[in-house]
Each structure stands twice: as C-alpha cells, then as structure tokens.
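In what follows, structures are represented as structure tokens.
The same chain A turns up in both complexes below, where it pairs with chain B and then with chain C.
The block that comes next holds the complex of A and B.
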C-alpha cells in the first residue's frame, strides 16, 4: 500500500522538479543575457587603444559566441542544444561546458561528502552525549566549543589550519593537489584540512541541534514509559529518543547539503585551491561566461530539488505516520 | 693538469645541471582564457603558451635583443618601410615538418588580418594612410625569409614584429573561415602542434587549478646543452596571496611573487631567496578635464598645485614599503628612453610643497586668505572644495593609495570623497564618455565635448608602460588617443608622439631627444599625476640556480636548474 502512494508521490515530485528547474533555467538565462555586459568587454580597452572600430569588433566577438541573436532565438537554440546533450562552449575556459563540469564536479563532491559525513557523525555523537550528560562539565565543554565552531568564519579557519599544520608543522601540503589519485590515502590526507575547515561550522551546528532535539524527546512520556518497562538506558536513548530526534536533524543535514554545494564550499575551495564547481561558477559569473553560469545554476537547482525529495521520502521511513497521499 | 682541470670542471657542470624535478610557479589573479592565442585577451593565456612556443626574440636585463626563432636581427630598410625577417632553419612543428616563412605569412594574412576571425589586436598591424586604416603587407621571400612592408614609417613597429608567433598552416587551413571550428580546434586548445618551438610541451591544463608542461628534449635552443633542466614546469593557481606565500614558505612551490610586507620575512628564511626587480607598472591619478569634472582641473597651474601636494616618496615608503619609486612621466627610469634631466619632479623634493601649492591655488582664484595669513583652498565662490576620487574595489593597495591622497589633499583644505566601484562599473560609468544628446556610442575618448555618465574629478588607476616602446602610451595623451578618458588635448603632445614614430626617430639619438621633450612637456603639463613605478619581489627556493634577476628575469628561464 505504502509503495503505491510513495511511487505516485515521487513521480509527482519529479515532474514538479522538472518544471521548477525549467523555470529557474529560463529566469537565469534571461537574467544573464539581458545584462549590460558583453563577452567583447574584455577586449574593449585594447581595441579602443589601437584605434579600431569598437562596434565592429564587438559585433564580431558577440557573433563568435552566438550572443548577437535576439534573446528568444538564443534561448530556443540553447534549449534545443541542451536536450541534445550539448551544454555549449565555455568561452572563459575554452572547453565544452559538459567537459568542464565532468572534470570539476568530483572535487566539490568529495569535499562536500566527506565534510558532511565528518560533521554529521561527530556532531550527532557529541550532541547525544551532551544531551544525556546535560549540565555536566562535558556538556559545558561541548557547548562552548560548538559556539566557537559556529562563530569561526571558514575562510579564517582554513588559513589558520594551513599556517599551523602545513607551514609550521609540515604535516600537510598547503594546497590541494589534483595530481593525486582520487582513491588513495594521499588524496584523503590532502582533504583533511579542507574537510575540517568546511565541516567545523556544520559539526558545531549539529551538536546544538542534536542536543536540543534529544532534550525535547528525553522529557516526553514515552521515554518515561520505556524506562519504567525496565529497558536498558542505551536502548532507551538509541532506539526511542534518538530515532524521534532524527526527524528535525535530517531536515537540517539535508538543507546544509543543498546549501553548501555552491555556497559554503566555495570559500574552502578558494583557500585550499580546490578547483571545484564553486570556483568554476564564481569565476564564470565574473567572466560573463553565460553557458557555464546557466549550467551550474541548473545543476545546483536539480541537486537541491533532489535533496528535498530524498528528505521527504526519508521522513516516511523515520516516522511511519507521515503520508503524502 | 689542464686537461684534468677542464674535465673536472665540466663534470661538475654536468652534475650541477642534471635534469629533474618539477618547478612549481605560484600565481594568483585568474586563470588563462584559452591556449588558442589569437583569441586571447589576457596576459595569462600568452604566458602559458610562451612555455611551448617562442616569439622571434626576447630581451635580457639590459633590454638587449636575444634571438629566439630569429636567425638574425630584423633588417629594416634605409627608408624604414620594409622589414626583412629571417627565421632559423631548424624549427619544426610536431609532425616534423619545418616551420617556414609561409607559416608566419599565413598567420598574418589569413588569420590575424582576416575578416572572419576578427583578431581583436589587428590595429597593431594597421597604419594610417591618407586617413584610412590600412594593414601592412607580408610577403614570402624564401623558405626562411619574409618581409613586412609598411607605407608609413613607425620607428617602433619592429617591437610588434618581434612578438610574432606562428600558427601551423597545415592545421589552421582546415579551420579557415569557420570561427566556431577554429575556436574549438583541439590542436590549438591542446597545443599539440608546438614541435621543438618551446622549452616545454603541453601536458594538461586543469582550469582554475594548474597548467602543466613537461621538458621538451627537442627544444631548438636546448638540444646541445640538455636544457631545459626541469622535468616539469607547473603553474599552480592560488586565489589569495596569503595561501600562495604560505605555499612558498612551506616549500610546496618553487617560486612566486612576494607582497611588499612579506619581503623581509622571506629574505630571512634559510630556504628562500628574494629578488627585487623593476617593472614598467605605474600608478596614476587622472585629472578630469572634461565638462563634468571640477573646472579647476582644466587649469595647468591647478593641476601642478595638486600634484605638488602629494608626496610620492612618502607614498613609496609607506604604502609600497620602499618597493616603488616616484614616477614623473610614462617612461620608467629603467627605460633606455628615460632622461632624468628632462622631467619636472612634482611631488618630490622642492616640488613637494603644500604651502606653495596653496599659494598657487589662491593665485588662480581657488582660495581665501584668512586673518592669520594662511590660505584656505576653496572653489571660485569661496565654498569648501570637495573632489570625488573614483577607483576600483577589491585592492588593498588601491584603497591605501586613495586614503593617502585623501590625507594629503585634506592638508590643503580639500575634501576628497572616495568612491570605490567594481572595475566594470568604473569603465562603463566613469571612463567611457560620449557627447550628450547625440546618441554617440560611449568610447574611452569620445572627443572634447564628451562626458561620462557619472561625474568625477580624480580616477586612480594602474597601467603598464612598455619599457622599450613607450610610445604606446600615446593612447592616453593624444587628441585621438583611444584611452584619453580624462580629456587632455594638446597639439604639441600630438606632434611629439607623431615625431617619435617618424623617419627622424629611426635614429635612436633623435628618438631619445624626442622622448625627453615628451617627458618634459607631460611632466610639466600634469594631465595626470604620475605617482609611482612599482618594483616586484620574486621569491624562489634557495636551490634554484641560473637566475639572472632584473627587469627581464625570465629571459633565460630555460637554463634554470635545481642545485
């Protein structure tokens, strides 16, 4: 029975996702194309300086990149090409957009995945411990450090970690080395400092959220009942309290996952020289590289929609009372 | 004994220059746009390509020509119109076919001069003939010789020719006429054609991360001596100077530029060495002489007074921490055309005098005499004088200089309002100008009647001057100059810039005299306040040998090696 409504719900959400993605794609496309800038801008000073006809060269350069046509024609061309798997040519990096994304997504993905795992695993463990040991020294220490973790800017923490662990102690390289094999211990070691940098803020947040969610549930009657039934404390905490505390945590973790893809990860990528999608999209915006801007926006949109869908489905497993039919 | 000594020394030399290791250069400031150099607008693209393919010549630290792809120096006909270029006969493309004069002429005629490609810098190869822009005429003479013929004389055109690099005709002709195919051509985007033309061969380019080339054992300059000596040369990109410098300190990279405040620290480290070298980069403060600037700036005496109130030496010491020297014109001290006797040194020595500056402004009607005998600088109506200084965001150096100018002019009683805007906004709203109500397309110099969208009085900018051919700066100071955005028009300056390229200037002594006149006139006129020429600090690991520091430190980089 559950399978049937869940399948219908998933199909419906996927259809919505396609419509939303199309809407965002269209808005982004129009916004970036109707702006005053042109791919010819970067040449203008030199063209003017050498006494050439600015409008002629501008027209030629715009024709080279296909931005000389009416906006609707550009849009329809782009959509047709997109459906045929052609994401366009990145004129700020001189390669097909699809190849650019294929090369760089993995750098962002490994950073985000490992940071999320690091933050969620440690954050939940410390949060549970802090809640169970409420108002003890351990709780105060965890609270103190989680506030520090939330307050430290990523950028500053990254630079400090480099200065201490790379420059002073020589334990790690000062930058991420893309020549290392992806599945290797060396690559994992190269990611230690970036993961700590990106994960610390999230970890601190998870400690606070977990502690709060656990404390809410610890005071509920079903916990008293479980204890009265003589269940072991570990079972009460793990099976009854934590499972109920998971619901808001899943929302927050998934939300974080969506928001760091192109936001939080960017600063970490900058500090450690990781050529991920954050850096690619940021540079593309400043270079007026429309095909890349539109493509990464589309990918970001799809990821957020997917993460939301997975979150909603996860709810139904964590709390069987939840139904979407 | 002598034989033993020679053998021993040559053996030591062999050991000292063993090939190996990766030289990692740390850079920040953005990645290259393309390896297809005809389409590149940025210097980084050209610097990447330069590892794999040489220009016709390079320059040593004394700015003497060092031949690269040229067999001998370019011969210029006595009338100054025909340039005969003879390339080496041992240059090869990757398919082992020889690089010929035909490739160079093809590159010029069919690519750079073509209408379908619209090479953005075609203007450098055009001349003004009877009011029309005409391209120069390249012609093949034989396998290794070609000529370029002009109709008018330009004494400094030879420097444009020296920078020429060719495309292989056998590949480029496949894409001729199709700009999309040419843009995306894999051979050009992966530098697969460069043969023995450069010290290194392309390996990979990971965007926003690193550009990697490997030793080219076939390099035409290295085959007899085993150069280059690095197995790989890697350009690693960093987003901040802090992380770039941390990488040098941690010995993760071999070389990078050092910020002034870090220079002493890196000098004191055992494993690094720092060279301070001059550059052609300078900072200027433009005075808006167009109708939407303060009208006082159209008065030469007022401009001189303002320049007299800004201490260039103090600026060099406090902001650049000593790594800059005062600028008096667009010609750097290191240029062979610089003449220290032919500049008026505003902002230095006796010409840094705020009291005298206030007196000049008062004499010109911009001030009132207070009861205590001091002068308060005001506008013509006696109201407090406020000037707007516009510059770009995102640079600490720029904001420090702006604050310095603000303080200096505040001492005169002038309030400088600082406005920081993004670079694109600066260009569109302040630099570009057009004649109001005419529908004229905004240009960097729309003529004497043109004004920018937003009004301004001072713009702080940095530019680079060509040390060998500084006449390129005419774009700022001549009536038709494409970047004369501040509206300075002076027929005498126009004539001097014309003369510096004319037949008489083929005689270098005459050219030096004309440059001296130009410097004197511009430093006297102060259309802009030339502030400082900056110096660069280059930080290397101690074990890099063979470096000859100077204005052209990299000219022999294929001979560098690890100790």
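The block that comes next holds the complex of A and C.
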C-alpha cells in the first residue's frame, strides 16, 4: 500500500519538475527574444568603422546565430541545443559557454558549500540553545544579533570586512588569489572573509528558524511524556524535540538556496573577485555577452528546481507521517 | 485622485480603515514591543528626511574638486601627493568641517546631501515596488483560492515556476536585457516579487472561503465580486500589511545590490550607486563606502523590527 503511493508520488513529482523546467526555459527564451538587443549589435561599431554595408553584415550575423528564422523554429532550436549541451558562444571570452562554466563552477561551489556548512552548523546550535533558554539574556542577545545578521546587506559587509581586515589591519589579501590550489590551507584562509560575508545572513536566518521550530515542538505533549518517562534532558532535546524540528528546518534551508544563497554568492564573488559563476556573469554584463548571463541564471534556477525535487522526494521516504494524496 | 485612493483604501483596508478603534488597538499592541517602536521611529525620521531634507542641504550633484575626499567631522586623513617639479612627496592633511558634516566624495560632492537624496530613492523604490507586488499577489492568491479548479492549478503552477527562479539572478537577467532605468527596475521588482504573497494569501483565503459568513453571503445571493471584495480581501488585510512591511527591506536591498553590480540607474544617486563608487576608494576615502551601507543597514533593520512587531500584534495567539 505504502510503496505504491510513494512510487506514484515520485513519478508525479518528476513529471511536475519537467513541466516547471519547461516553463523556466520558455520564460528565459521569451525574455531574450523580446529583448531589444540583437547579436549583431556587438559588431556594429566595427562594421561602421571598416566602411562595410551594415545591413548586409547584420543579416549575415543574424543568420549565423539563427535569429532570422521563424520564432517557432528558433524556439525548438534553443531547446534542442540546451539539451545537447550547446549553451551558445561567449563573445567576450571566445569560448563555448558550457566550457566557461565547467572551468568556473568549482569556485562558486566551494564558497556556497563552506558558507552553508558554517551557517547551518553554528546557526542550528545557537538556535537550539536560544530556544531551550527562552527569555533569558542569552536568548535576547541571540535574537538581537540574528536581527542584525538578516538586515546587514551582505555585499556591504564584504566591503567592510575588506576595509577592516585587509586595508587597515593587513591580515588578508584584498583580492581572492586564484593561483592557490583548491585543496590547501592557504585557499581556506583566503575564503575566510568571503564565507563570513555570505554566511552571516544565512546564519542569522537559521538561528531564527531553528529557534521557532524548536519552540513549536518544546510545548508538545510527547515532550512532557518523554520527560515523565525520566529521560535525561539531553535526550529529550536532542532526540525528541530536535528531530521533529528538523523537517521544517530543512525545507526552509533548501528554499533559501534560491532566494538568499545564490544571490548572495553572486555579490560575494564580485566583492572579493572570486572567479565563480557570479563573477563571469558580472564580467559578461559589462561585455554585453548575453549567452553567459542567460546561462548563469538558467543554471541557478535549474539547480533550485533539482534540490527542491530531491528534498521533497527524500522527505516522503524518510518521514512516514507525510502523505501527499 | 485622493477620493479614488481613499475608496481603494476603504475596500482593501476594510475593517481596519473604517474602524479607528481597531487601528488603535493593533498599533498599541505592536508598540508594546520596544524594538518595533525604535523601528517605526526610524522609518518616520527617514521619511521626513527624504521629504524635506533636500531643501535643507547642498545640491547633491554639485561637484567641487577643491573639497574632494574630505572626511567626516572629527576625522583627519593624510594623503601623499607626488609633485613632479620638486620630485617630492608632500603630505596633505584633510580635516572634516561642519560645512560637510559627513564628508565629501572623490568629486567633492556633499555626502549628507547625497545620502538624503538616496533615502528618497530607496523609500520610493521600496514602497512602489512592494505596492505592485502586494496588489498582484493578493489578486492572484484570492482568485486562485476562490475560483479553485483549473484557474487555481494554472495560477499556482505559474507561481511555482516564478518561485523557482532565484529572485536576484532573474532580476539581473531582466535588467541586463532591457537596460537599467529606475522606473523599469521598480516595475520588474514589483512584477516578479509577488509569488510569496500569492501563496500566503491563497492559503489564508482558502480557509476563509469555507467559513460560515461566506456561506451565508452566498446563500443570500451575493455575487462573486461582492464576496471577494467584501469578505475575502478585507479579512486578509492584516496578513497583507505584515507581508508588505517585511518585504520592503528586501526590495530596497535588491535595488542597492543591482546598483552595486553596475546595473543601477546611473542618473540617480541611490545608496547602492554611492556604495559602488566608494568601494574602489577604500584606502583614500573609506567613508564613501561606509556611510550609505550604514543607512541601508539601519533602514532594513528598522523595517524588520517594525514588521516583526506588527506580525506579533496581528497574531491572536501571541500574548503581548
């Protein structure tokens, strides 16, 4: 009985993800096509300078990029190309967009991974402590600082950290050193300020979510039962309350990925000059290199979709109480 | 204009607009929270500054290279200047003066005046974009909940698609494609930021739809229009007010972040644009990056404090 609805749910959820992915790709396609710029724009100045016929060359460039075809054909070409891994050509770096992404994703990944670990670990600990000691001085201090953490603009925090620790105190370099090997202590040291920059907002959020999720469960009857059974307080909090608080917490942490983490990582990379996906998108903006900007947005969006899908499906297998039918 | 506005306020604000006693009650509840009082006081102070400030200060666009990179009052900076003729370094000492209490930037523009005009931009962006997002979200949420069926399905699937887009990345893409102008940025933030509101309003309206007073209204022959505008929307007002207050800071930050990465409207001195310029002169004029950031931080903090207080005040379960 249980097995069959789980399988049905998984299939339904997968189909649903495919539909959303199609929606995302379509909206992006419409945005790019409705946009006022043509791929030929980049060459107009050169064409004019060399005294050639502008309209002829524009037509040739548009044919090269397939912009002269009927809109439906362009749409199907776009979809087919995406699935075949042809994400377009980056004008400014003269390489396929997919190769550009392959060389740079690791920098974004290490930043996001380290920041998430830092924020989740510390945030959950402080959140639990704050909930258990509700209305004490420690709780008020934690709550106050979490307000500050969620309100501080992370790109400004990055600039301030550079100002204090790099410019005034000289403890760190003002720019991320790309020559360092990825798995080295020096690289880890270079990531300290970026991780604090990206992690602070997340950390503050996790403290708040953990605290309220813990408080919701602390008042439940099974907690009283557990205490009445004579279990140690540690076991009650760790095994009974925290386990039940985990579920909403994980949902929120996953949801943050799209809304806070990706945007934050984008800005953090720019502030510190980390050559991740945010940085290449930022450079592409100035070079008017739209395939790169589109690709970075698409990757971020599809990742959020994938993570949500995996979270939802794992839940239904892990928590016997969840039923979506 | 005012009459139309007050009509809309009466419709949407419903019980809150027409019932002064209720406003007083909720406000008193919210203001029992000290942080909410501080937040509201700061918001009012900032609004006042944004409205009358520009008449009191220098022209924020006035560049004066004789007084460039002047530190704020109470600070002194030393700059070494290389003199080609004597082949020597001379040290110039700059001390902040009361003429420019918060210092000047690299072009000699008064920081105080720029920050005040920036406050105007940020508050306008925050209020207008949030207004658009809230109205759209409420309409979509209520329609979805009330009509149900395929309308609900289509609207909610579309909401899912929009929610999957990382907000900031989508914003960057759209502003990059269509070009940065402040009006456009506000519109885009408003037109993409409604998803959370739609979800929350929908779930609230779903539970309202099955209540007795709605059934009673239906039995008495009320039209869909009447039920939506008379019964559903007025009852989600408190939810909407809380969402609005808590989403303003996100909008202000989004505009600042866009300006920071060079996608801001270059013709408007918003806090993000000042910060972006200051970032490159950290070693000569740190205050240019520090001051707009502090303003942004305090504004966002104030809205968060006040919004949190409002949420507790409207929550019948909280005992304050």
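In this section, the second predicted complex is superposed on the first by the 257 of 325 C-alpha atoms of A that agree within 3 Å, B and C clash if a C-alpha of one lies under 4 Å from a C-alpha of the other, contacts with A are read in each partner's own complex, and residues count from 1 in each chain.
FYI, contacts are C-beta pairs under 8 Å (C-beta built on N, C-alpha and C of every residue); 3 or more make two chains touch, one makes a residue touch a chain.
Values in this document were obtained by computation on a predicted structure and should not be read as measured data.
> Considering only the touch criterion stated at the top, classify A:173 as touching first (chain B), second (chain C), both, or neither.
In the superposed model, A:173 contacts chain B only, not chain C.
> If we overlay the two complexes on their shared chain A, which of chain B and chain C does A:308 touch? Say first, second, both or neither.
second
> Should A:103 be classified as contacting the first partner (chain B), the second (chain C), both, or neither?
first
> After superposition on the shared chain, which partner residues are touched by A:295: those of chain B (first), chain C (second), both, or neither?
In the superposition, A:295 contacts neither chain B nor chain C.
> In the superposed arrangement, does A:163 touch chain B (first), chain C (second), both or neither?
In the superposition, A:163 contacts both chain B and chain C.
> Considering only the touch criterion stated at the top, classify A:270 as touching first (chain B), second (chain C), both, or neither.
So A:270 meets both chain B and chain C here.
> Tell me which partner A:128 touches in the superposition: chain B (first), chain C (second), both or neither.
Touch partners of A:128: none, neither chain B nor chain C.
> Which holds for A:61: it touches chain B only (first), chain C only (second), both, or neither?
The first partner, chain B, only.
> On chain A, what residues does chain B touch that chain C touches as well?
36-37, 159, 162-163, 167, 270-271.
> Which chain A residues qualify as touching chain C in the complex?
Going by the criterion above, the answer is residues 19-20, 23-24, 27-28, 31-32, 35-37, 147-148, 150-153, 155-156, 159-160, 162-163, 167, 258-259, 262-263, 266-267, 270-271, 281-282, 285-286, 290, 293-294, 296-297, 300-301, 304-305, 308.
> Quick check on the complex: what are the chain C residues that touch chain A?
Residues in contact with chain A: 35, 157-158, 160-161, 163-170, 172-174, 176-179, 249, 253, 256-257, 260-263, 275, 278-279, 282-283, 286, 289-290, 293, 296-297, 300-301, 304-305, 308.
> Across the complex, what residues on chain B touch chain A?
Residues 30-31, 33-36, 39, 41-42, 118, 120-124, 126, 128, 133, 179-180, 183-184, 189, 206-210, 236-240, 242-243, 246-247, 249-250, 252, 424, 427-428, 441, 443-445, 472, 475, 480-483 of chain B touch chain A in their complex.
> So in the complex, the part of chain A that touches chain B is made up of which residues?
36-37, 41-52, 54-57, 60-61, 63-64, 89, 91-96, 100, 103-104, 159, 162-163, 166-167, 170, 173-175, 178, 270-275, 279-280, 283, 287
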